[in-house]
Every structure is written in structure tokens, then in C-alpha cells.
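Think of it as A, B, C, D, E, F, G and H in the order they're written, each chain with its own count starting at 1.
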Amino acid sequence: MTPPALLQLLSEVEQGKLSPSVAAERLASLPFEDLGHTRVDHHRSLRSGLPEVIYAAGKTPQQVVDIFSSLAKSGVDVLTTRASAEAAEAVFALHPTAAYNPTARTIALRQSPPADIAGHIAIVCAGTSDLPVAEEAATTAEVFGTRVTRLYDVGVAGIHRLLAVLDQLTVADVVIVCAGMEGALPSVVGGLVGVPVIAVPTSVGYGASFGGATALLGMLNSCSPNVSVVNIDNGFGAAYSATLIARAANRSR
Amino acid sequence: MTPPALLQLLSEVEQGKLSPSVAAERLASLPFEDLGHTRVDHHRSLRSGLPEVIYAAGKTPQQVVDIFSSLAKSGVDVLTTRASAEAAEAVFALHPTAAYNPTARTIALRQSPPADIAGHIAIVCAGTSDLPVAEEAATTAEVFGTRVTRLYDVGVAGIHRLLAVLDQLTVADVVIVCAGMEGALPSVVGGLVGVPVIAVPTSVGYGASFGGATALLGMLNSCSPNVSVVNIDNGFGAAYSATLIARAANRSR
Amino acid sequence: MTPPALLQLLSEVEQGKLSPSVAAERLASLPFEDLGHTRVDHHRSLRSGLPEVIYAAGKTPQQVVDIFSSLAKSGVDVLTTRASAEAAEAVFALHPTAAYNPTARTIALRQSPPADIAGHIAIVCAGTSDLPVAEEAATTAEVFGTRVTRLYDVGVAGIHRLLAVLDQLTVADVVIVCAGMEGALPSVVGGLVGVPVIAVPTSVGYGASFGGATALLGMLNSCSPNVSVVNIDNGFGAAYSATLIARAANRSR
Amino acid sequence: MTPPALLQLLSEVEQGKLSPSVAAERLASLPFEDLGHTRVDHHRSLRSGLPEVIYAAGKTPQQVVDIFSSLAKSGVDVLTTRASAEAAEAVFALHPTAAYNPTARTIALRQSPPADIAGHIAIVCAGTSDLPVAEEAATTAEVFGTRVTRLYDVGVAGIHRLLAVLDQLTVADVVIVCAGMEGALPSVVGGLVGVPVIAVPTSVGYGASFGGATALLGMLNSCSPNVSVVNIDNGFGAAYSATLIARAANRSR
Amino acid sequence: MTPPALLQLLSEVEQGKLSPSVAAERLASLPFEDLGHTRVDHHRSLRSGLPEVIYAAGKTPQQVVDIFSSLAKSGVDVLTTRASAEAAEAVFALHPTAAYNPTARTIALRQSPPADIAGHIAIVCAGTSDLPVAEEAATTAEVFGTRVTRLYDVGVAGIHRLLAVLDQLTVADVVIVCAGMEGALPSVVGGLVGVPVIAVPTSVGYGASFGGATALLGMLNSCSPNVSVVNIDNGFGAAYSATLIARAANRSR
Amino acid sequence: MTPPALLQLLSEVEQGKLSPSVAAERLASLPFEDLGHTRVDHHRSLRSGLPEVIYAAGKTPQQVVDIFSSLAKSGVDVLTTRASAEAAEAVFALHPTAAYNPTARTIALRQSPPADIAGHIAIVCAGTSDLPVAEEAATTAEVFGTRVTRLYDVGVAGIHRLLAVLDQLTVADVVIVCAGMEGALPSVVGGLVGVPVIAVPTSVGYGASFGGATALLGMLNSCSPNVSVVNIDNGFGAAYSATLIARAANRSR
Amino acid sequence: MTPPALLQLLSEVEQGKLSPSVAAERLASLPFEDLGHTRVDHHRSLRSGLPEVIYAAGKTPQQVVDIFSSLAKSGVDVLTTRASAEAAEAVFALHPTAAYNPTARTIALRQSPPADIAGHIAIVCAGTSDLPVAEEAATTAEVFGTRVTRLYDVGVAGIHRLLAVLDQLTVADVVIVCAGMEGALPSVVGGLVGVPVIAVPTSVGYGASFGGATALLGMLNSCSPNVSVVNIDNGFGAAYSATLIARAANRSR
Amino acid sequence: MTPPALLQLLSEVEQGKLSPSVAAERLASLPFEDLGHTRVDHHRSLRSGLPEVIYAAGKTPQQVVDIFSSLAKSGVDVLTTRASAEAAEAVFALHPTAAYNPTARTIALRQSPPADIAGHIAIVCAGTSDLPVAEEAATTAEVFGTRVTRLYDVGVAGIHRLLAVLDQLTVADVVIVCAGMEGALPSVVGGLVGVPVIAVPTSVGYGASFGGATALLGMLNSCSPNVSVVNIDNGFGAAYSATLIARAANRSR
């Protein structure tokens, strides 16, 4: 219930169009979301045009299809992350226009008219094994209507590869850096750009990489002050925050 | 060395104004920064007007004073973090206009003309013990020329305290959330706002808080997708990224 | 051996009905349970009417059936936790009235006359992935004769969902809260109710959730003082303690 | 704002006593606590008669005194935990009737008329080094008006010591067990009683006790199902939950 | 090379039966084992009559058979631990008199004449899930010629079960205690007996048992001073040390 | 209460010398220690002649003196471990014949007549920094009446030093090995001797030694099967178990 | 671009042979590798004759074949590590002269003329289970043209086995030591040789070996100062560094 | 005992100059060092001219002086690491020509004639806080007679600083890289040079740097294959291995 709506309701009471008891009932039964601070996820989706997102890990293909269809019915864009090929096939049967990215493991259904591209994210990854995470970030950002520049396989052990793409790096509004093993790339990238860097540790590595924990710890200790970090393999979360930043940077131009 | 400058140099060689050997020497001794991708920290400072920053932990008061004076000489703003009272006193003796925030442990010297305030950060903390970290973030952001709204002591065990300040929270360009112990506050805040949230775990707690590691882990696992995380007690880093975001959001309005 | 039984035995000795040596032998061979402090699990079951419980993890279906049948023979209620579908089928073959909850992975056989419901537990969980743990708690409590109110999918990233069920939360005698990932929900719930909260970390999450360890640590550091914690995924243990609390709260009314 | 109050406000609008805009403002500025679910900590204190509690760790004596006096002014009972001798002396200067327990490091000021004792907690500890934690629990519970039976130095390496106090153990409404090192005592106690056991790991030990983490882990893995756990050295939290349980068990008799 | 052998060699040189250069060569090429301190494992086997042992984990059935046959050829007793059923079948094909214990996963071949039983080990375990480890210890000790008393399923949550077997416990020369979860049993047993206790943490448990690490840490922090610890699930190692102790205690009687 | 005593009591009931109710009371109030399995620590001391032991860490000098005097009064030998110089001075004031070993931090008072030395322990340590732990073990064993051979500073980085003392090593009944850093020494020693080895990790080291945890883990993974392990720096516990083993090995010769 | 080349270019500009704009373009488009510090991996391969290396873990057989063929086309030697039998078969179909080492899981294709063997590495491992890692190191070094002496199964629990091969150990230019479990072998070897030792922890072990972490920690704490360490199971990396050392030691003789 | 010496001894026996029993005794009492494989540390010092080294941490100034003087007496060079200013002063009183490096905390006494400089080590560190570790490495290498190039404060957040010193980096025989926080520098350096890199994690950092563990883990996971790692803050060990490598590389030129 927005402030104008509240004023309208009270005016109707003043004008006798609405009895106090009926008005009281409506105010009392207000879902918290009508006060403007609840069901924020729903509101956020409406406000930003960001599609609803389904996290498919641990769900059966049937469960994924059910939720997907339920969301798709309302006409919004739908994004599913961590989706198996089986889940994708099941979705395609009902939603043949959905797109599956097998590397990113995402299923995306665009139903809204193409929005103006708002903002520009560079997505950097250290090695080819980081691709699933980088692509989860890339397809998420693209479904959210953000422009993505992919700069892959530019790990720090061959620093020239990174320097060679510096021009593409420095024009983005925000940079996502995915790296496993020692997770050193965000620090180097952070020193080369003047925008926020969102670091995504990946579970790439073996032995003392401890499933990505080493990369995570390294990124949290970055000596570049413009680096913040999300959970291991969380390409989706990085793209979410990055999209919010890229949109804000382009909101009013 | 910009492309025009390079062309100019080569033209002078062509015209005989510059001998090949002298030109070779100048090209050979090009500091990498002249190519546009090096000394980025220095460039970044020039470009953004962000002051130089000294991390005082592990430095003697004398060392802090020496670096401080060296930077101040060039007329830029200077910020020192993790500064003891002793270091502050030593700085005051030479720079009486510097300001010390004993809670934040920051020393700030403003020498540039007051800039237009660019962007708005809300800084939220869970309890009074988190104040040193929240204030490090707040004074850093303010020295960087960003508007700060402080919303302190609104921990999740009394959720009404947070809901009561919702209006102030939702108008910021970006939110910094500092919390120790279970580190739950960023998830709740992240669900209430539509902007990026930068979470700062603090070392507040005892026993199984393990010096802030528990709060750190909790924040990394946030179920709110707009949360990214910095190192334990790293108020400075949170403010740095938040300032970049807040500036971008207000650059062109 | 109860005090009256001991007195009776000694009287028989006094009266010559029992020789000292026979009496000595009987006293010497007294199983510790006869002294009132041993075989407590058995006694506890008799005293409280709580059914015997089988932990099926790591047991073959045949082993589960054997123990189940052995307990069922004595006429008591029997509860099996962590039971696979295979184990359930094997049990049904012999005990067709047993009930299997595939989400909770519990097999329950009620043989006692329906007891008066004693006490009221609210079981809250953060997301749908926490259901197996929440349901293990719920079916355990119900088999123990406690009333259960299920309040599911009310995670802290959408705090309004929790506030919307506040009325149902505040009337329970005790609250069980199941959550994975950052494990923040018990702190929020703990601040909203005036009864004990038993927190169950779940192994839901990925990356730095470390199989539930992050949620566990978060809950142990709760800033709500009415929260205590059980092992990861231990819905059964939470229901056991909660039942004892709920029964005590309703014992004498 | 209670329903009658809301009806009254709306009636005044209907009767023209209140303009819609003023009413809208009042409804918009409703503090959440008026809806009955906020400022719960304050409400809880009023409802239960539990005193306000100050956590003194990390606060200066002056800060402790200031908060203490502020709370004491309103006539409620005041409890301070983790208080140093210096803090206690500072409090005594202004509140000579306050009582300091140097082992528990608590300062308590009773101002309410003596309440009826409600409920009975047995507090068990493994060794004399656990006394500070056990006493923090004991004095907290006593300030909260609960009867406490202290059963100290009954560690599992001399199990007879525990069996010797079994009678005292089995009559309590709830048992708190404090233990460091291997933290085995709660499992043994849990097997001997039919009431909830709240386990408090203590930081007593050396080497691989890792500051209490070993005891904590042991207690979380207890094979007794009636055991729940609080943070390392958190005697206060254990007493808080235990008091709620003990009160509930005695509410209506 | 024993001292007499050395003297013999030198005498032969003195007598001209052996040239200095040939003697030098023989002395220079002396395998270290001839000096009495090398190939200790082989020597130990000869000296104590302990059979050779094969650790089958990570070996193929064929590899196990090859080593088994090679050892068996020399007529000694052979013990294989961590052997799969497949490995056992492969061994039986060639060594039909070998015995497989499927719970302990051991294959044993007795070829030496039955030795006098030397020493007495009590093996205690907390629950039925600990049986594989306890049985690995038991069959190892029995193959080594030690008498074993099995006292199973006497966990601390039902302390009476342990007290009921106290007589059997106190007559052993050494006690092995296997327990998972909180690993509390060795402390209790250690307090009840006057002989060395060797504790074996097992990987039994879930969640915060961390694969036996919790039990391991608990046992290392035992408050009973007569407890020492071996690796998680290392029933073999416990039996090895226990056998050495039990033999020493019975050597000269 | 021994069997004869029980028979006597029952006879008195039969003969009318004791009323059934008085006998029942006496049987009911039997302290568990009278049954032969309680107060085991006290019994163990009496049976074995091992002195009482005080763990002084975390106790004030006055507390140490009080307990020391209380024990000394009964005429037994008294051993205090982890005692500061201050505690030792305080003890000397009242017990001038007590002996303080500043390296081992032990205070020992011998009051019993010199016992026959029973058994022989070799105590090996890797470096001079391990001396406090090795000496705690050595003085403990000596106070317990065991012969000790000290073989210090024979770390594995100079394996010849260990081989040079092999003769002294192989004649002991049991070997204690103290080592910090990588904790490799017990494995090497275990391969050289045919008796049980008790490994004591020490907190010697820096960086990734993590306060002795690395040495502890190494010893638990020893490839020598005759190695068992006690807590970090627990020289006392190692000597306790070793003494029991050495005594058993020499009991009947 | 070397200094002479730069001078040449500038001279051509001076002489009018090259227009300034063309020269500027060439200077501007200089790949970083032309400056001598980029594409270092490629340069290093050319300079040292070390073959290109493919890390096959996480790649499909087809992907391995594609990269393999692409590299082989240029005529260089190609090494693939962590290759499955399936990948090897796929490679053989196209490159029948490639060699697969199933223990090391390496595929090697020699295409360059046999180089002079440069340098000598001794590779030591503790047990037969460490063979895959030791062989990965051995085949890597051999493909790199280094002489390898294999000294396998010489673990510290039978120290004589190591001493018996001392002669072979001390003639190498560098020693690689692979060990799992307690990881003690590098310390012993380090004390016996005067050359650098590269320690490779292996994931061999169970329980508290924590997947090789214990061996890793032990090696990092080695008391032999000539030991450095690589990641768990990283035989390739050890061989890489060792080859560089062995080559340097033999470069100019 | 060298082969010639052995032959000599045997010849004397043949010639009757030495009786067999005396010869046997001498052979039997041969210290292992005479066989050429023991007391290796001593031999190594003699062979390489490397001075004796004292690790002063945990030693009193007096103890340091005693060992220092004892070593100095024999005329060798002496190096002390981790020495406090107090220890240095105590040494100066007796050895006025010793040199103390307060940053490195080393005391060095040169007594041998200046050796030819053999080999060249580049020592790189990330920040000024890493200086104590870098200087420990530098002074150690210099005392060992190796040339050292110091390249300090070239952390990865300003990659240009490192590229600017590339020429100095690429001419060294081996590179030592010291870094704290995320420990990313060795990977970048490893990609830029063709020689072995020894990485030294430092304890520089805060929060999730966990005393250097994060840097250590990062370095172990380096994607540059020429990186090996030593313990946290172990500048001495790095210099030791690096010196061996640098010497080998220059031995025969």
C-alpha cells in the first residue's frame, strides 16, 4: 500500500464511502508487503525487471519444471541456475523457447520485450576450468539485461595475457573475476581498474585448494581495496550484485 | 605516453629534431605507467580525487609521521587507518589541522577544496562493539567525499530496531553492514533493500566466533543475492568499494 | 529394585523365608538398573511413554527390520529415523500399519492408545531444502504425542514472511528452527519469542557452507540468549529436547 | 497500536475530528513495537520479570557504570556478566547494595521484591577449573529467581562422583552441564536424567582442546538425545534457556 | 653381522684365509640389517612371532593375493586388514584355510603351531556401528595370539551398561576402547581401570563429527591420564600396541 | 562393601541383630566406592603407590599450596605439574624437602620409603626446545618409581644421532618420544624398537606448526604400528601410561 | 623487440624509410611478449626445450585429444598429466607413438631429437601407495630430459631401507621425496644429503591424514633447512622445479 | 671411516700389527659419522663452508651467547636467526665484530676469509611489512656467500612496480618471493622467470589471513609450476635452499 493509496483509503472514510470498521479490517489485514518493507524479493523483481530465479541444485527435474511453469505463467522472464541437462530437457518440453547453457548450467526464458542494455560488466576468469562459474555469471547478467565482455583464461602465471586485454577491462562499469587454485587474479585486476571488482572463488584445484577455500581466503585478503567477495562458485550472486552496480552507473545517463 | 605523444616523438625523429639514439633511450626508459596501465594506484588517486591512504598497523608513530608528511607535502588529502593515539599525537605535532577519530582509529587531513558530495552510503552495524569497524568505514567514506548515514545497534535479535530505520536504509545508493558473532544482519538487510550490500564481518564475539571467522562464513553464505563480503574488520575496504559504487550511481545526474 | 522391593527382600530374610546367602547372591547380581539409575533409556521410555527409536543410518534393511520387530513385539510405539525407502518397504512387509514419511525418512508404528496431546512445538525452517530435517523433527515430535505447527520457508532474506506468521510462533511452548547456509534464522526467531529456541543447523548450502558447519557456528554465536543448538541435521534430537520442554510446560495444567 | 486504538483513530477521521493527512502520518510513523512484535527484548523483560543484562566484556568500567546506572534508575533488577573487579568497584561506588561474584564475574542488583522461586536447575561441572562458567550460570539463574543446586567437580574420569549425586540430579527441572577438555560429561548426565540438558563447553584445557572447540564438538555429537549446546563459556546463555524451561515447568502448579 | 661373526671374519684375515681387500668389500657391503638395527619389521616378526600384515586398502584383489601368497610361502602367519570381500574370495581360491571376518574386513592365515595365549585384552566399543573397528582390533589381537574379551555397545549415554561389565573390564592387562561421535567412552573406562587404555576414535557419526575428528580430539583431551590414542578407525594399530603391552605383562609369569 | 561384609550384614538381619529397615538404609546409602568400582582415582593411588598429582596450571600459588599441604598431610608422595616458580617457592616455605624441577615445572615430595625401581622408560626428544615436555615426563616417571633413560636432541634431520643411541633405546620396556615441528621422530623410533612407543607432540615450532597440531597429526598418522599418542605437551600423561606398561612388564620377574 | 631492433626501426624512420604513423602503429601494437616479459610460458618452452604440458583432470578425452593434436602439430614434445586410460586411448588413435604410463597417468609424445641428458634427480617415496605421484614426477622429469633414479618404498618406519640406498641418494643434483601419512621422509632425507630436497605430500592415508593435509603440514615444518614443498600429489610441479635445478647444476660443465 | 682407512685397518690385522679383537672393537664402536652418512649437518658445514646457524627463538640471551661462543671458538662463521636486541647486545659484549641486522633479527660473525661470491639470488617482497622475513633471507644468503638483489614492495595490486624490475629479476639464478595477505606474488613472479622460485608466506595481514595460513595455502596452489614453498616466515629456510641452488648453478663456471 503506497502512501497515495493510504491517503485515498482515509479520504474515503472521511467522505463516508468506507466505514471505519471496514477500513480497520483492511488496514489490519494488510500483508506486510503493502507497507513497503515486506515481500521485498517480489517488489525488487517488479521494480528492476530482474527475472525470477530458481536454484535447481537438489531439486528433481519435475520440481524444476513445476516452479518454472508457475513463474512463466505470469509472463516474467525466468532464470534457472545449477540446472542439469535432464532438468533442461524437462523444461524444454513445456517451454520450447527457453535456452539452456550447458557450461553455465542455466535455463533462461525471455518473455519481456528486449530492454535497453543497461551497464557493462567485464567477466574475467583465470583458466578454462573456471568457465562454468564465469558462464553462470555471464548468462545471469545477460538475462538481467546487462552487457557482458568475456575475458577468459588470463591467469596470473602469464600476466601478459591479462595486460593484453587491459583496454577491454578498463571500460567496464564493474568487473567480475573468477579464479580457483591460489585465487590471485582479483588482486591483480583490482590494481588495474578503477571500478568495483567482485571476486568469485571457484572450486577448481586439488590438494590444498580444499574445494575452493584457498581461493576464497586469498580473495578476502586481497591487497586491492576495491575487491569484495562472494561464496565459492557463486557466479549468480556476483552477477546479481554486479548488475545492480552497472545499472546504477547507467541509470541517469 | 599517449598515442599523440608517441606520434609527436616519432615525427621529431623524422624531422631530424631528435636523434634515433636519444629517442630509443626515451622509449626504452618509458616507465610502465606512461603506457597507461601501470602505477594504477597513483593514477586512480589523481583521477578520482580519493586521498592517499596509509595503513598504520605495524608501523611506528615515527614511520606514520614520515609517510604522512611526505604525502601531505604534495597537497593531497591524506587518510591513515588503524592509527594508535600515539601515532595521532605525532601527526598532530606537524599537521595540527588533521583530525583523529579515536573509535575509528583514523587520521584524516583535508587539503583539497570541499568537493560536491557524491553518493550516499548507509552504514549499519549490529551492536555497539562493532563501532570501531563501522566508524572506520564511515570516516573513510566521508574523507572520500561520500554522504554517510549511520544506523547503529540494530542487530537481528531485536528485528524491530532495524525495521524502524527502513526508510533511511532504502534511500542509500549502497549499504555497508558490519556485524560480529553470527553475522546474520547482512542477509536481513539484503532482503530489505534493492541496492548492493557490502558485508563486513567483525571480530566481535567469543568462543566459537573464532575471531570473526564465524561471521565471515555466515556472510559468504548469505541467502540474499546482493551481498558481497570483505575481510574481517575491513571497514576501510568496504568503504572503498562502496564509494566507487555510490559515485558511479551519481556520476551523471 | 525399588525401595519397597528391597524392604520386602530383607523382611523375608528376617522371617527366615530367605537365607542370607541366597539374598546376598540376589543383591550381588542386581543389575544396576534395579537401583534406579541404570538402563535409563529403558526406564525413560517406560516413564514418559516415548517410543523406542532406531537410528537406521548405516544399517541394512534387514537389520532395521530385525530391531524394529523385536521392539514392536513388546507393544510399544516404535520410531525409526534416517530410514531409506528400502528399509521402509522391508518393515511394511511385516508391519503393514507402520507409516513412512519419505521427506523425513522416518518409519513410525503407533501401538499405544492415543495419548492426550501434551505441549505445542512450532517448527520453523528457512527454505524448502531444509524440509527433510524439519520433517524429521516434526514426525518425531508427533510420534512422541506433541502438537506441531509447521512454519516453513520463512528465511531471513524475506523477513516479512516470518513476521507474517508471528502469531503462530508466539503461542508455542518451544520453537525448533532449522536453517542451512548462514544459519541466521534462530537469532531472529529468538528475538521474537519468549520461549526456548532449539536451533538445528542443516547441511543445506554449497562452497563455504562446509556441509552445515557455517550454519552451526552461526547458531552457536546467536545474539539471542534463548537459543541452544544441536548437531547438523539432527532434527530428531531437537524434537526430543523440545518434547521434554513442551511436556514439562503442560504437565500440571 | 491495538485494534481498539486503530478503530478509535478511524472513527475520529469519520467524525472529522482528525484529517486524513494527519491520520495517514500517524499510521505511517507507527513504531513497530506498537504492533506487538517489536522491541521484544524490552517486552520480554517486562513480561517475565527477568532483569536487564549488561555484557561487560570489552567495555570500560565507566561505560559499565553508565549503563548500569541508567538501567537501575528505572527500578528493575540489573545483572552484569563478564565484569572485571575494576568494573565492580566502580559500580559499588554508586550502587553499594549491588553484589559481585568474583568467580562468576557477575554484578547483580536486586531492586524488585523477592519473587516466588520458580523452577529448579541443577548445575553440574566437571572440574574446579570450570567454576567461572558454572558460577556465571548459577548467579544468572538465581538473579532470574530460579533455585540452583550446584554439583561441582564430578568429571567422568571418576564416574562414582557423579553417581553419588544422582538423587540431587534427578529432581531438577533442567540440568546445565559445564565441561572443558573432552566435554564428555553432558552425554553421561543426559543418560541419567529424563529432563533437558543444556551443555556448556568451557575453554578449560590445553593443546588439542583448542580453546574449548573440542569440548564443543563433543557435546554437539552427544549420543544422549536430550542434550543441546550453547557457545563456549556461555554460562549466561545456558542459564537463560534453562530458566525459561524451569519456569514453564512450574508455571501452573 | 653379529659380534661373533665379525670376530670370525677378522680372524680369517689374521690367519690369511681372507685377503684384506675381500674382507673390506664384505664389510663395506654389509646390509644395515646385519648390524642388528635394520629391517626391524622383519626382525620384529621373527622375534615376536607376530605375523606379517598386509594393508589391503587401495590394492586390487590380485595385488593382495600376490603379496599374500608370497608371504604365506615362507610358512609364517599372514594377516590382511581392510580387505574387501572380493579380495577375500581371491585369497580363498589359493589359500582355502584362510579365514575372512567380514565385519572386521580381515583375512587371517594361521600356519604356525598354536602358541600359548599370552596376555588379555578387553575391547570395548560404544555402539554397534563401531563394530568394524572393534573387530579389526579383536581379530588382529587374536591372530597375534592374545586373548580378547569383547564388551560391545556400552556407550556412555547408558552408563549402567558399562558398570555391568566392570568385572570383565578390570581383569584385562590392557583395554582398547572404540567410540565415534563424542568419543567420551575412553575417559570413563580410563577412570574405572588401573591399566593402560588405548583409545580408537571411529568415523561413526554425522554432521559435526567430521569423519571421526571430533571423537579423536575428545580422546586426546581425556581427563583420564592412562589414555593414549591412535588414528581414526585404526583398530589394527590399537591391537598392535595392546598386544605388545599384554605380552610384556605376561612374559615372565 | 566386599562380599564377606555383605554376607555379615545379612546374617545380622537373619539373627535379628539388625532390623530390615536399618539394613535397607545402609544398603541404600552405600557409597559407590564401597562396591569396589568408585573413587577409583583414590583406590588407584593406594593400590599402585602412585602419588597424588596436582595440575597447577590456572591455579594461584596459594591454591597449589593448600591442595599440596592437604595431600601431604596423609603421608603420600605428592607431584605437582605445570607449576610456576612462584608456586614452587610457596610450597617450599611449608615443605622444605620438596624438589622443584624448573625445566619440567614439577614439584615433587617423596614421603614414602624408596620403592624398588620397577621398569625402565627411555625418553627421547627431538630438540632442546622439547626439554620442558620431556622433563615433565621424566620427573613424573621417576616420582612414580620408574627408571628413566634420557636420550635428548636426536631429531630426524640428523638421523645418525638417533642411531648412535640405539643400544640404550632397545633395552627399555617402553619408549616416550617428544617432538614438535613435523613430529616425525616417533615413526623412526617406532621402527627401531619392539616395544610400545608413546608419542608426545610438543608445541615447539612456528607458522604452520599451529601450536603443536601439525606434530600431533603427524604422530597419529605414524606408519609404525606400535605408536600411540597423547595430547600436545602432555608429558605427564605419557609418563603415566608408560609407567603402567613398564610396571606390568616387570611385575612378576 | 630487442634494443637493436628498436634502434633499427627508429633509424628507418630517420631515414624516411618508415613513416612515423606506421612506426607508431608497430610500436603501439607490440605484443607484450616482444618486450621479453610476456607469453613467458611459450618463451620458456622454446628456451628450455621443455615440452608443452596439458593438465587433463576435468577435461573430456575429446578435449585432451584436441589440445594434444594442436600442440603436436608444431613438432614439440607434448606431456599430458592426470590422464585417464580413456584419454590415453583417444590420443593413441591419432598419435600412435605417444607413450602412456598408467601408474603416473601421463601421456608423453617425444618429437624432438634426443637431447643430452642434463642433470640427475633422485625420486624417493615412502610406500608403494605413493607410486602414482612418484611416477608422475619421474615421467615428467624424463620427458624433460633429466636422468631419474627411483628409490621407492623406503619409509621411515624401516629406516635401514633408506640408509641402504644412501649412495644413490647422495649423487643426485636434487632429490624429490613423496610421502603420505605423517610425511616424515623429507626431513630424514634432507638431513642425509647436501642438495635441495623438494617434498611432495601425497593423499595416501586415512582418518586424520585428512587427504594429505597432515603430510603437507609436516613437510612445511621440516627441521631440515634444505626442504621446500609443493601441493598435495603435485608430482609434476616437483619435477618441474627439480629439472630447473638439475639443469642449472649441469649447464656449464 | 673412509674406504682407504678401512683397508689400512684390515692390512694391519693381516700383518699382525693389530689383533682381531682390537680391530673388532674399533669397527664395532665406529660412530656412524665415520661411515660417511652421519653427523651430516657437521659434514655439510665443513663441505660447503656454510656457517653454523643458531635458532634463537625461545632461548635466553645467555643461552644464545653460550652457543655462539662455543661455535665461534672453532673459527667458523656463525649465524643466529630470530635474535632479539638483548641477545645481540649480549653477543657483542664478547664478539664485538659480529653484525646485528635489527630488521632481519640476525647476528652474523664472519671469521673465514671472504669467499668468492657464488650465485645470485633475487629476493622479492610484496610490501614493507614483509621486510623482516625478506631481510632474514637476504642476510642469511649473504652470510652464506651468495649475491643478493633486493626487490622490495612490488605487490601485485600495482603490477607495474614488478614489471619495472623485470630485468633485475630475470638475471638471478633463483628467486625468493616473500608475501603475506593473499600470497599472490610468487605466481606472478613464477610466470615471469625461467628459474626456480621459492615462496615464503609471511604472517603479515589480519582477519582471514590467519597468521599467514592464507598466504601459505595460496602459494601451495600456485598455477606457476616452478614454485615451491617453505613454512610461514621462514626466510632462513628459503635462503638455505636458494643458496644450494645458486651455488650448484655456478659451481663449475
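Everything below uses one rule, namely that contacts are C-beta pairs under 8 Å (C-beta built on N, C-alpha and C of every residue); 3 or more make two chains touch, one makes a residue touch a chain.
Everything quoted here is computed from the prediction, not taken from an experiment.
**Q** Name, by label, each chain that touches both members of the pair subunit A and subunit F.
**A** A chain counts here if it touches both subunit A and subunit F, which gives C, D, G, H.
**Q** Comparing the two chain pairs, does F-G have more C-beta contacts than F-H, or is it the other way round?
**A** Contact tally favours F-G.
**Q** Using mean C-alpha positions as chain centres, tell me how far subunit C is from subunit G in Å, no decimals.
**A** Once rounded, the distance between the two centres reads 56 Å.
**Q** Measure off the straight-line distance from the CA centroid of subunit B to the CA centroid of subunit D, and report it in whole Å.
**A** About 40 Å separates the centre of subunit B from that of subunit D.
**Q** Just curious, how far off is subunit H from subunit C if you go by their C-alpha centres, in Å?
**A** Centres of subunit C and subunit H (C-alpha means) sit 61 Å apart.
**Q** Would you give the residues of subunit D that are in contact with at least 2 other chains, written as numbers and ranges?
**A** 37, 40-41, 157-159, 163, 191-192, 207-209, 213, 216, 220-221, 231
**Q** According to the definition of touch, which chains form touching pairs?
**A** So, checking each combination of chains, I get A-B, A-C, A-D, A-G, A-H, B-C, B-D, B-G, B-H, C-D, C-E, C-F, D-E, D-F, E-F, E-G, E-H, F-G, F-H, G-H as the touching pairs.
**Q** Show which residues of subunit F lie in contact with subunit G when the two form their complex.
**A** 126-127, 155-159, 163, 181-184, 187-188, 190-192, 205, 207-210, 213-215, 217-224
**Q** Considering the complex alone, what residue numbers of subunit B touch subunit D?
**A** Going by the criterion above, the answer is residues 129, 157-161, 163-164, 204, 206-209.
**Q** Which residues of subunit A touch subunit D in the complex?
**A** Residues 3, 6-7, 10-11, 13-14, 16, 19-21, 23-24, 27-28 of subunit A touch subunit D in their complex.
**Q** Mind pulling up the subunit A residues that touch subunit B in the complex?
**A** 36-37, 40-41, 43-44, 47-48, 53, 163, 166, 173, 191-196, 198, 216, 220-221, 225-231, 236-238, 240-241, 244-245, 248-249, 251-253
**Q** Any idea which subunit H residues touch subunit F in the complex?
**A** The touching residues are 31-33, 37-41, 57-58, 201, 203, 211-213, 216, 231-234.
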